[in-house]
Structures are given as structure tokens and as C-alpha cells.
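The same chain A turns up in both complexes below, where it pairs with chain B and then with chain C.
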Partner chain A sequence: MAGVIRRRARRQRLFRWVVLTVLGIFFLLPLVAMLEFTTRGAGGGFSAHTWRLLVDWPKLTETYPDLSTGIRASFGLVLLTVALTLVLLVPTVIWVRLRLPRLRRLVEFLCLLPLTIPAIVLVVGLAPVYAWVTYFLGGSPLTLTFAYTVLVLPYAYRSVDAGLSAIDVRTLAEAARSLGAGWPTVIWRVVLPNIRSAVLSAAFLTVALVLGEFTIASLLNRTNLQVAVNLLGKSSATMSVAVSLAALLLAFVLLLLLSLVGDGRRRTLKKEIS
Partner chain B sequence: MTASPVAAEPVGAAARHGVPVRLAGLRRSFGTTHALDGLDLDLAPGELVALLGPSGCGKTTALRVLAGLEEADAGRVLVDGEDVTDRPVNRRGMGMVFQAYSLFPHLTARENVEFGLRLRGRPGARRRQRAEEMLELVGIAAHGHRFPHQLSGGQQQRVALARALAIEPRVLLLDEPLSALDAKVRVQLRDEIRRIQLEVGTTTLFVTHDQEEALAVADRVGVMRGGRLEQLATPAEIYLRPATAFVADFVGLSNRIPGRSGPDGTIRVLGQTLPLVAPDAAPGTPDAPVTALVRPEAVDLLPAPDGDARVLAASFLGPISRVSVTLPDGTPVVAQVGSDRLADLTPGTPVRVRLRPAPVALAS
Partner chain C sequence: MAVVTTMPDPGAQAPGVRPHPARRRVRLLGVVPFFGYVGIFLAVPTLVVAVGAVTGDDGGFTLDNLARLGDSYVLAAFGRSILLSAVTALLGAVLGALLGYALVTARPDGLLRRAVTAASGVLAQFGGVTLAFAFIATIGLSGFVTEFLRDRVGIDIYASGVWLFELPGLLLVYAYFQIPLMVIVFLPALDGIRPQWREAAASLGGSTWQYWRLVGMPLLAPPFLGGTLLLFANAFSAYATAAALVSQGSPIVPLQIRGALTSEVVLGQQNLGKAMALGMIVVVALVMWLYALLQKRSAKWLG
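Moving on, here comes the complex of A and B:
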């Protein structure tokens, strides 16, 4: 009997490793190919020229002005979109949970709506609106913040909503209120600290989505990172692949950092207690 | 509602400095359901009143209206003579312990206790000192550095009690604080709550569906039904002299034994004449059929070969046991006897059923 259980455990372990290896190859192989392509020198040898140029900001700006504009625009968009999404969404979702639970389905429907609308359809609808946006605010790529905020709503909403579902918001809010807290205090000092990781993951999803967005920016004639990479691909394939790989790695590092922040806090708490 | 909802003298308190509380004509409906239907309730300073009743009777709604967490459709809430009906919950100065664990998960036990004091702008040193005192009071000072998820359910409720008391509330509200705990911890904490309440002397409203809990901790117990008080009296009076059939039926076990109305507010049951708790409730016509509600401890069983009742089963409950018998007409009766008598009351034993001459209530 013990032998059968051991054999079964060994088989399961082997299966797990096979699955992990296949998935690892599936995901890593294109990245390795990208890295190899961007480090291929003249005559097939190794060259770090593209990567050295990528991290030398003044030289990069001089050599590829459109790319540096796109990078700056995308980072600006990331900051603004994260800020606007969180400022609009988090208090709204908390308020609906606490005070207007009957509106929850409606808010959920509205937030998830962009998921069902293809980007091209969204642009058709947004184009006239953006004519006015351009009229009032100019043609800066940063005005894409408004479109991106709508675009990230489904992901950010799901994340925040899941965070709120994990705690008894109503009881916590009532407990805080009975102790003398006003609504802003309840949200800021009781609810937010307890959905911190959900808010962080909403922010991360927003970062990932904004860094990777191409269709809306391109169709609304704004230059962001992906539009710049696309343009660059026509003149310097090596640099455009390097930038794409760097953007992917950046997203990966962000994800890692976020999960480390959460784990680190948990570890610190455990250490303090033990 | 048979008992007058006037403020009673506080019972058994040492040094009391609570405030009087009055709920006057409270009404609250949820759709077509009347959770409160003109509830009147007075709490004397420092008194602990337990609201008891079945699910949906309005006891929690009453507490939430007093806390300010629900708005009343009609009626007034007065605390220390001051009308607080329209005052928001965060300005009522009431401490509350909830049924669900309500400690803030991101704060330690001590920080939880300090939360209300921080909102009141108390300086750090005084805040910490008060938190320590409160944690000491509830017997959990050693765990002040722990986070809620590292505390047991009982410990969490102790911290919640300390947090509610730290702000020196005018009224303490306990919304079924023990219902999520296991039986042993529940009894321990129940006694602790009473000890602490007597020590701090805060006027307290305790909502529970557990009659044993209500009878054990309260100065007075209010039995609710359909959004109104059915009876408000001391635990002994509620149990021994239930004002209505509902109270008699709801509080403690009751046998329903058929009988006939007798003269002068009495009834005849199993050949015995018994006084009624409420003589006015007796039927006007003599010899009318009635159903008496008789407590198991008022039933005695005498093993006898010519006995006309038969023992059906017995449940051992430690020092006492409950024995079920069936009368000749098939009526089931439960008697409470000392466990040392169980050997004589095995299933099938013929017995005579005798009732102690205690006042009984009539079933509605």
C-alpha cells in the first residue's frame, strides 16, 4: 500500500515538472529569442550595443526622438491613469458597498462594459469626444488618460471588488463609526488599509495595460510607447524588439515588486509577533 | 405587553454611573415587515437589560436604532434625557460589540483599543495607558501586540469589548457578542461581561437569542415578539411568572398539558388544582378546556406499578436528567429529575405524574 502511494506521489511530481517545463519553454523561448536578436552583432557575434543605447537616455533621445517621446508619454499616462482610476473607482466602490448596495450590480455592469466593447468601436465613439478634448486641452498624448481610465475599469473594478469581498466592510465600518469615525476616516483609516493589496493589484493591472496599449493611441493619433515601438520597427527592428522586451521585463519586475511588498509586510508582522 | 416599561431600580450594581436610556414608541419597517412596532423601553442608569426573542422579533433593530445605525420611522431615542434620535452614530458616544468579529485586521489589539481615543485626539501616552487599562480589565493585556487573526474568537471579542469601553461610552451595546463562540468560552465570557459591566457601571443593552445567556447576565430581561415587548422583568420573574403564553413557551422548556378551568383563577390539571400566573387570563366559563404550560422542574414522577403514565426515554444532563413520559391520552410530558433517580425510571416503567403547586401559564 505504502509502495503504491509512493509511486503515485512520484508520478504526480514528475507530471508537475513536465507541465512546468513545457510552460516555461512556451513563455521563455520567445523572450530568449528576442534577447538573442537584440544582442546579435555584425557577423553573428554578441553585441550589447542596442541595450547600452537603450539605457543611455540622452543618446537614446538624440538617436530616436520619437521613442523617447513615446516612453515619456507612456510613463506620464501610467501615473495619471493610475491616479485617476484609483481616485474615481476606490471611493465609489466602497461607498456603493456601504451605502448603496442596491446599485452594486449597476456599477459592476458599467465598470465591466468596456471589456465587451472592442477597442476599435471604443475609438469610433471616443473620436468626437476627443475632438472636444483636443479643443479644450490640446493634443497632448496625456489626454489619453481619460480613455485609458475607461479601458482599465473592468480590471481595476474586479480587483478592488475582490478585495472588499474578502473583508466584512459593513461591520468594520459600523464599528469605526460607533467609535466616532466620520465617513472619510472610515474609508481612509479602516477600509483602505485592509484592501491595500487589492488596490495595488488594480494599480499594477493599470500600469501593465497602459504600457501595452496601442490601438486607441494609434487611432487617435497620439504617440505612446507602443506607437513609437511600432514606428521604430520600420527603421530599427533591433531597437524596437529591445524596447518591447524591456517593457515586458518592467511589467514582470513590477509584478514581482508588488508581490514582494505584500509578502514582506506579512513577514514583518509575523516576525514582530513571534 | 403586560409589564410597564418604566425604569426599574438597578439591581446588584456596586458603583454605578451610567445614564438613563429611553426608547419611546419606536417604529421601523422593512418593506411590509414591521421590525419595530411601537417599542417602548427604559433602561435605568447602570442597568444591564437583555433583549431576548426569536429571529425577526426586532431585538437587533432596536439596538441598531439606539446605536444610530438604523433610522427609526417614528419614535424617539433619549439618552440621559437628551433626544439623540437624529444624531449620527459617530456622535452618540456609544460603545458597541458586534456579533461578527469586528476588530480592524490591520491593527494590533492595542491599536484597536486606541482607535476611538485617537479619533478623540487623546495624546499618545494617555491613549496607551487607557488601552493598557482596558486590555487589563478584559484580561488580555499579554496579547496587546497581536493582530486579530492571531487571537481566538473569545480573545477577539474581549478586545472588541475593551475597544468599546475605552471611549467611556454613555451606553454599551452588545449585539449577540457571544453567538460565534463555542459553548465553554461563551459561558466564561458571559460571566466576564457581567463582571466588567458591574465594575464600570455603564448602562448596557444586550441583545441575544440565547435565553440562558439573557437570564444569567441581565438585571432585567425584555422578551420581544413582533417588534414589541411582550414582558420586561427580572430574570426570575420572567422564568417563574411569565406574563404571557408566548413568554412561558419561549423562555425555558414547557409541557403543554390539557386541563379544565377551575374557580378563582385556578385550573385543574391531572387531577390537581393549580394557581394561574395571570388569573385574569382564565376562561370566563367554568370547566372550559384549557392547556397549561408546565415547566419540567414542576413535574414529579413516582414509579408505581399502577401508574397510568409510561416512561419513554431519559436524557442524562449531568446532575439532572430529563425524562419523557406519555400520559394515557398520549400527551407527552417531560420531567426534570435528579440523575440519581434515573435507575428507577428506565423506559417502559409505569409512573404516576404529580405537579408541584407552582403557578402555571395558559397556552394561547
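Moving on, here comes the complex of A and C:
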């Protein structure tokens, strides 16, 4: 038996390394290629010119005004969308859980609905709605936050819902209420601190999604980071590839932070149990 | 000195007690902002698509738009979209499942598994313009791999035409986000397989092949199929990558919808885009419904 297990372990190791090597090459090659593409000098040598320009904000603004507008719009959108999503979703989900349990299925259904409506379809229906938005609020790219909040609803909902399921909301709320706390206090000072990491992960997902969004911005004729990068690709391929790579690395760092937040939560839980 | 006030309304309602109608109305006020928002930015757009699909240019009810879905170029776009989604879903599912299996045979808390899982999380989200540029830098006309193969090996991958910006190119590029997505959705199912089952099969004299054919595969079939369906919906809905990559023609449905939205309105086609959009919703909803069914089944077996 021991021999069989050892042989199987060896076979599995071989299989593992073959699969990982082949797919690893497939996945790393484009990233390496992007780096090589952006550091290619005029004579075929190495040049860090593009990257130096990318971190030099005033000069970048001067050289590629559209790009800097797009970057600024995307960062503004990130802040607004995170704020709007959390303000809209977190109190509602807590409130429904505590006081309106019958509505829970409906809220869940509505939050997960955007998963079955592709962004390209949503934008078809959003066009008339945005005619009104433009009428009331103007054509600023920041108005995209309304559409983005809908896009991130499923992910944010899942995260917040999971966070709430992990704690005993009802008992916490009853305890706080019996000590004289009003509902706003219960939500803000009792429940919210207990689902901090879930809220944080919802926020991180929102950031990653908003930074990468192209479909809605491009078809509603508003400039964000991705629209600017796409436009730039036609005139300066090197710069657009560099910005793409930078955005990707930023998303990677954010999601890595997210997994660390999740880990931290698990570790504290384990500590509490033991 | 704290003043203790009696709270007339303890946190939870006792089961079976119907709250006073007036208080229920007050309670419902708490969800008004959410429902209002979702109504304007989710329900209205969906209705616009659904109603627009059966509205003619004169504003009356008509089935003409839906009938136009039968036009050969629309049908061809749907066919190509479905082909692209099906092929990349299958490819992604098989390769993603293999990668997932390679990961579960490694140590569960090891560095390898952590790194690959984190990377998969990023790459599954990594669609859009960035991905298109990544592949242009890799196998575009002056890409890294293209130049390497041409100058050092002497192979011109574009000898018979530039295929990166057409359907074959999309197949390759879509695989880049489909495989990581499969890893993410399939890993939990693979973790549900207990090593004891394998030991039990072995102690009864079963071979590796018998174990996989009689135990492993039947258990993993529902989550595998479910993952494939999710990948299909994912590819079918994707727009940005194709939009950034394909500049000529509209081979797939999302690009056809772009054409309908941005081009000059052709008489009698005003709402064709909405009809195509409705067609997309129907396909995705069907696929996601099947996915939910399979999900329930695999939760029962591997939960």
C-alpha cells in the first residue's frame, strides 16, 4: 500500500509540474511581452522612457491630456462608486435582515440580477435613463457612478451578506436596543464594526471593477481610464500598453490585499475559537 | 445616573405576531432608497430593452424587430457568439479543471496554491482593453512572440493573414480569462472530494481508472458542467475585449449591438439593437438558470 501511495504521489507531482509549467508560460508570456513592449528602445535596445513619463504627472498631462482626464475620472468614479454602493447597500441589507426578513429573497434577487444582464445590454437600456441624468446633472464622466453601482451590486451584496451570516446580527441588535440604542446607532456602531472586513472586501472588489470598466463608459460617450487607454492605443501603442500594465498591477495588489484581509479574519476567528 | 426607558419595540417581532400596519409602513421606508435606486437604474433599463424590442418606429406594438433576429447576418452573429462562447467555455473548463486538480494535489496551505489562487482571482477579472493590449504586445504584428518567432525561428504566424483581430484571435484571448475563472469556481468542488474515498476504492481493489470513472467523475460532473455554463455566460456577455481588438466588422452579437447603438439609425431598425439585447438576456438567463440547478445538485453531494 505504501508503495502504491508513493508511486501515486510521484505521478501527481509530475502531472502538477507539467500542467503548471505549460499554463504558467501561457499566462506569464503576455505580461512579460507587455513589459518588453513598453521598454523597447528606438534602436531595439532597452529604454525606460515610457515608464518615466508615466510617473511624471505634470508632463504626462501635457503630453496626453485625454489620458490624464481619464485617469482622474476613473479615480473619482472609484471613490464615488464605493461610497454610493456602501451607503445604499449596507444599511438596506442589515435593515432587511433585522426588520423585513420577508423581503430578503427579493433584495437578493435584485442584487444578483445584474449577473444575468450583460453590461452591453444594460447600456442599451441605460441610454434613455442617461439622457435624463445628463439633463439634470450634466455630462460629466462622474455620473457613470450610477451605472457602476448597479454593476457591482452582485459582488458587493454577496460579500456583505456573507459577512452578516457569519455574525449573530439579531442578538447583537437586540442587546444594543435593550441598552437604549436607536436604530441608526445599532447599524452604525454595533453591526457595521462587526462586518468591517466584509465591507472592506466589497469596497476592494468595487475598486477593481470600476478601474477596469470600459463597456458602459465607451457607449455612453464618457471618458474614463479604459476609454482613454483604448483611444491612446491608436496613436501611442507603447504608452497605452504601459498604462494597461500599471492598472493590472494595481488591481493585482488590491486583490492580494483583499485575500490578506480575508486571511486576517480567518486567523482571528481561529484564535477566538482556540 | 442612567435613565432606563422601556423600549416599546424590542429588536425582533415575535413570530406569528403581525405588526401594526402603520409601523410596517414606517419600517418599509428603510428600504425605499434601495428600491428606488434599483428601480431607476436596473428595472427601467431592463424594461426599456424589453419594451423597445416590441416597439416599432411609429411607437406601436410590433414583432418586426424580433422577426429581424432571423435575418441572416444577425443569426450569423448569434451563431459566432455562441460558437466562441462554447469553445472557450469548454477549453477553459478542461484546462481550468486540470489546473485546479494540480493545485489540490499540492499542499493546501502551500505557497504554490496561494499564489495561483490569487493570480486566478486577478486574471479572471482581467478582461477588457487591458487584455486586448496584452495580446497585441505579445502576438500583435510587432509583438514580442511574433518578432521572436519570425527573426529567430523563422516562422511567420501571420503567413496566411492576420488572425488576431478576428474570431480565431478572440478564441485565444478569451481563454486567458476563462481558465482562471474555472479555477476559482471549480476549486471548492475539488476540495469537497475526500481522500478517504480514494483509499476506500483502493482498499476494495479498484484501480485509478476505476476510481475516476466510478467515483470521481460522477461526483465532479455537475460542478464541472456548472462551471462550463458559467464560463459560457461569461464569454457570451463579454464586450470590451472584442471591442478593443476587433476594429473591422461586427462578428459577434455585442459588437452588432454596438453598431446598432452608434451608427446612423437605419429606417425600421431603430429598435433592432434592443431586440438583439433581449436575445442576449434570454440566452444568458437560460444558461444561468441551468447553472443554478446544477449548483444545487453539487451542493448536495459535495457540500
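Note that in this section the second predicted complex is superposed on the first by the 226 of 274 C-alpha atoms of A that agree within 3 Å, B and C clash if a C-alpha of one lies under 4 Å from a C-alpha of the other, contacts with A are read in each partner's own complex, and residues count from 1 in each chain.
Going forward, a residue touches a chain if its C-beta (ideal position, glycine included) is under 8 Å from a C-beta of that chain, and two chains touch if they have at least 3 such contacts.
A quick note: this is a predicted structure, and the numbers were derived from the prediction, not measured.
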Which superposed partner A:190 touches (first chain B, second chain C, both, neither): first
Touched partner set for A:174, first chain B, second chain C, both or neither: both
Winner by number of chain A residues touched, once chain B and chain C are compared: C
Touched partner set for A:75, first chain B, second chain C, both or neither: neither
First, second, both or neither for A:51, with chain B first and chain C second: neither
Touching partner for A:4 - first (chain B), second (chain C), both, neither: second
Interface residues of chain A shared between complexes with chain B and chain C: 174, 176-178, 180
Residues on chain A engaged by chain B in the complex (per definition of touch): 167-168, 171-172, 174-182, 185, 190, 193-194, 196, 269, 272-273
Chain A - residues contacting chain C, complex: 1, 4, 8, 12-13, 15-16, 19-20, 23, 26-27, 29-34, 36-38, 88-89, 91-92, 95-96, 98-100, 103, 107, 110, 113-129, 146-147, 149-150, 153, 170, 173-174, 176-178, 180, 186, 208-209, 212-215, 218-219, 226, 229-230, 233, 237, 240-241, 244-245, 247-248, 251-252, 255-256, 258-259
Complex interface listing, chain C residues touching chain A: 4-5, 7, 9-12, 27-28, 30-31, 33-35, 37-38, 40-42, 44-49, 52, 95, 98-99, 101-103, 105-106, 112, 114, 116-119, 121-123, 125-130, 133-138, 143-145, 176, 179-180, 202, 208, 233, 236-240, 243-244, 254, 257-258, 261-262, 273-274, 277-278, 280-281, 284-285, 288
Chain A contact footprint on chain B (complex, rising order): 67, 69, 88-96, 98, 100-106, 115-116, 119-120, 145-147, 150, 160, 163-164, 167, 173
